[in-house]
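Structures follow.
Two complexes follow with chain A in common, the first pairing it with chain B and the second with chain C.
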Partner chain A sequence: MGTVASTHAETPTGRSIWIDVPEWPGNIAGQHVDVRLTAPDGYQATRSYSLASSGAMPRLQLAVDRLPDGEVSPYLVDDLQAGDMLELRGPLGGWFVWKQEQTAPVQLIAGGSGVVPLVAMIRAHTTSGSTAPMRLLYSVRTPADRFFADELEELDDVTYAYTRSGPADAVIGRLTKERLAASVLPVGAAVFVCGPTGFVEAVASWLVDLGHNPAMIKTERFGGA
Partner chain B sequence: MTEHLDGNVLAGPLLDVFRDDMTTATARCASCGDISVLATAMVYDAAPGWCVRCHVCEDVLMTFVRAGGHLRIDLRGVTALEVG
Partner chain C sequence: MSIFTRGFSGRGRDDNPALPPGQYLTEDFPVLSAGPTPNVETDTWEFTITTETGTVHRWNWEQLMALPAEDVHTDIHCVTRWSKLGTTWRGVSLDTLFADVETEYDYVMEHSYGGYTTNAPYEDLRDGKAWIVFEFDGEPLDPEHGGPARLIVPHLYFWKSAKWIKGLTMMKDDDPGFWEQNGYHIYGDPWQEQRYW
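This part shows the complex of A and B:
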């Protein structure tokens, strides 16, 4: 069980939630937790949420986007308050993770709230003093929909691909193979892709078309939650 | 059929059965022989459980159903599972 310490609006539809878990064993950047909600009638729903935090810190950060038809995310975004208890299990998943021992250049590619585990990797990369190049390509509807906007503003190696609207000098529209090719690190980089299923499938197949070794591409998909 | 997720989502549920993280375990598909980590499998929500398919041939690797406090796993499509 965790106790909600605070919440913070990230976008018009999403927010960050800090949760204190005193017995937290620590986690690797990229891991997730399963959150279980139980209704008064006993009905239970469990969903996975990536952690934006990593390391030994017993205060976890989740960032959740409200999905209109979701069973869990509307509660987390609209109703959950500081002091509330939350049933969670983790840290989970040992595959979609970045560790400081990994010295290959790293290309991160996010679709929407898929940026959350990638931000954990960016933070871990900064904290560790790793010299491996790390670059982020972030596909998001509009500038206002960016999670961690202020934090990412401080970084040099971030490219945005706005799908609905953006600055006058930006190309607006869905990411294409050509724009992907122009934005990502060359073949040989370790690539992490996280986003909605369709986005991840498209990006992963384009990367292979561009010559990236499938074994160097790690993907994580999310759906209605 | 709804849009699929991937094997990363199985990390929590599979801890109920296996001691180790199973997203990094490799499974050999009984149908096509592909050997891949479970994190790359295609996972379909089949409430109250999951249907896990091979990401190469899309045949069923395993299904699991949670009912009445029991978790039942059918491993019909996996001929080998390797952990660690």
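This part shows the complex of A and C:
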């Protein structure tokens, strides 16, 4: 059980949420929680959300994008307020994670709200003082659609791929295999790809075409196909 | 004491008895794979069942296609909470493939092209409970969804239905496969909500 400490609008449809969880056992970067909402009549809905935070601090951060026909996300983005209680289960997930013991260079590739677990990895990487190269390629529609925009602006190794509109000097349009090739670390890097399934599918198959070993590519996908 | 979430009322939908606890109905077909989709060609495709004596039963694609196939109508339930009701597939029952297999072992490891594994009790793959399918909804199975052929074991959470199926090995013990080593339940019964460790 957690108490919402604060919320912050990230994008026109997305929000980040800090939650105090007194008995939080800690989590690894990339893990997620299940959030369960209960209506007065007992009806329950549970969905998984990646954590943007990691470590043992009893304060977690989620970021949620409101889905048009979502059941839980509209509540979390539009209704939830500081002081509310939220039922959480976690941490969950042992695969799509990054730990400071991993010394391989890391390429992070995000589509939309898929950046959330990758931000957890970036933060963990910074906190640990790891010298492994870590780069982020972030695909979003417009600059306003970036989650954690201010935080990411402070970093050096972030490349943006804007698909609808962006700064005057940016190449606008869907990510292509050629642009991907120009932006990512060489073969041998550990790659984490997260976002809508169509995006992840395209990026993962391009990476394999470019010579990346499939075993070095971890994917986390959401959405239908 | 009932805990409820301030301000949440839900969509007020009717409870659908076909949905296991904690599941919601989806009309689309999500893809949740741990890595890239493997590229598997039918002209080099092979499926094997390996027993404890080292005996290997083998089928290539033509041999699979020559076996009696059936249409399967079933509900599927993903541990990530979506369920899809009334899905239709076409494939060969594992009962057909296990017909000549002699084994004393009670557990099976499913192996996929690309390296994925998942374990299941042998009895959960027999008696009309599992198939190797190559069609979904009347069309050849899409690679994203496990094509050219995948296992389906619909009575368990769908991570137990290995995509890009390559083979089954008999095991003495219920050793954990990929997701079972990464936080997920060893058995995975949706009706008992056996999601995690």
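The rule is short, and it goes like this: the second predicted complex is superposed on the first by the 223 of 225 C-alpha atoms of A that agree within 3 Å, B and C clash if a C-alpha of one lies under 4 Å from a C-alpha of the other, contacts with A are read in each partner's own complex, and residues count from 1 in each chain.
Keep this in mind: a residue touches a chain if its C-beta (ideal position, glycine included) is under 8 Å from a C-beta of that chain, and two chains touch if they have at least 3 such contacts.
Owing to the predicted nature of the structure, the values given are computational and were not obtained by experimental measurement.
**Student:** Putting chain B and chain C onto chain A via the overlay, clash or fit?
**Tutor:** Clash.
**Student:** I'd like to know which partner A:22 touches here: chain B for first, chain C for second, both or neither.
**Tutor:** neither
**Student:** Looking at A:87, would you say it contacts chain B, chain C, both, or neither? Reply first, second, both or neither.
**Tutor:** Once the two structures are laid over each other on A, A:87 reaches chain C alone.
**Student:** Look at A:46 in the shared chain and tell me whether it touches chain B only, chain C only, both, or neither; answer first, second, both or neither.
**Tutor:** A:46 sits against chain B and chain C alike.
**Student:** Touching A:197 in the superposition: chain B (first), chain C (second), both, neither?
**Tutor:** both
**Student:** If we overlay the two complexes on their shared chain A, which of chain B and chain C does A:79 touch? Say first, second, both or neither.
**Tutor:** Only chain C; A:79 stays clear of chain B.
**Student:** Which holds for A:208: it touches chain B only (first), chain C only (second), both, or neither?
**Tutor:** In the superposition, A:208 touches chain C alone.
**Student:** So which one touches more of the residues on chain A, chain B or chain C?
**Tutor:** Residues of chain A touched, chain B against chain C: more for C.
**Student:** With both complexes overlaid on chain A, does A:32 touch chain B (first), chain C (second), both or neither?
**Tutor:** After superposing on A, A:32 lies in contact with chain B but is clear of chain C.
**Student:** With chain A superposed, which of the segments 4-12, 58-66 or 148-156 in chain C collides sterically with chain B?
**Tutor:** Superposition on chain A puts chain B right on top of 148-156.
**Student:** If I apply the document's touch criterion, which positions on chain A are contacted by chain B in one structure and by chain C in the other?
**Tutor:** 46, 48, 92-96, 197, 218-219, 221-224
**Student:** Touching chain B in the complex: which residues of chain A?
**Tutor:** My answer: residues 32, 34, 46, 48, 89-90, 92-96, 197-198, 218-224.
**Student:** For chain B, which residues are in contact with chain A within the complex?
**Tutor:** Those residues of chain B that touch chain A are 2-9, 11-12, 15, 21, 23-24, 37, 39-40, 45.
**Student:** Of all residues in chain C, which touch chain A in the complex?
**Tutor:** 2-12, 22, 24, 26, 28-38, 80-81, 114-115, 142, 144-145, 178-179, 181-183, 196
**Student:** Can you tell me which positions in chain A touch chain C when the two form their complex?
**Tutor:** 1, 37-48, 71, 75, 79-80, 84-87, 92-96, 197, 201, 204-205, 207-208, 214-215, 217-219, 221-225
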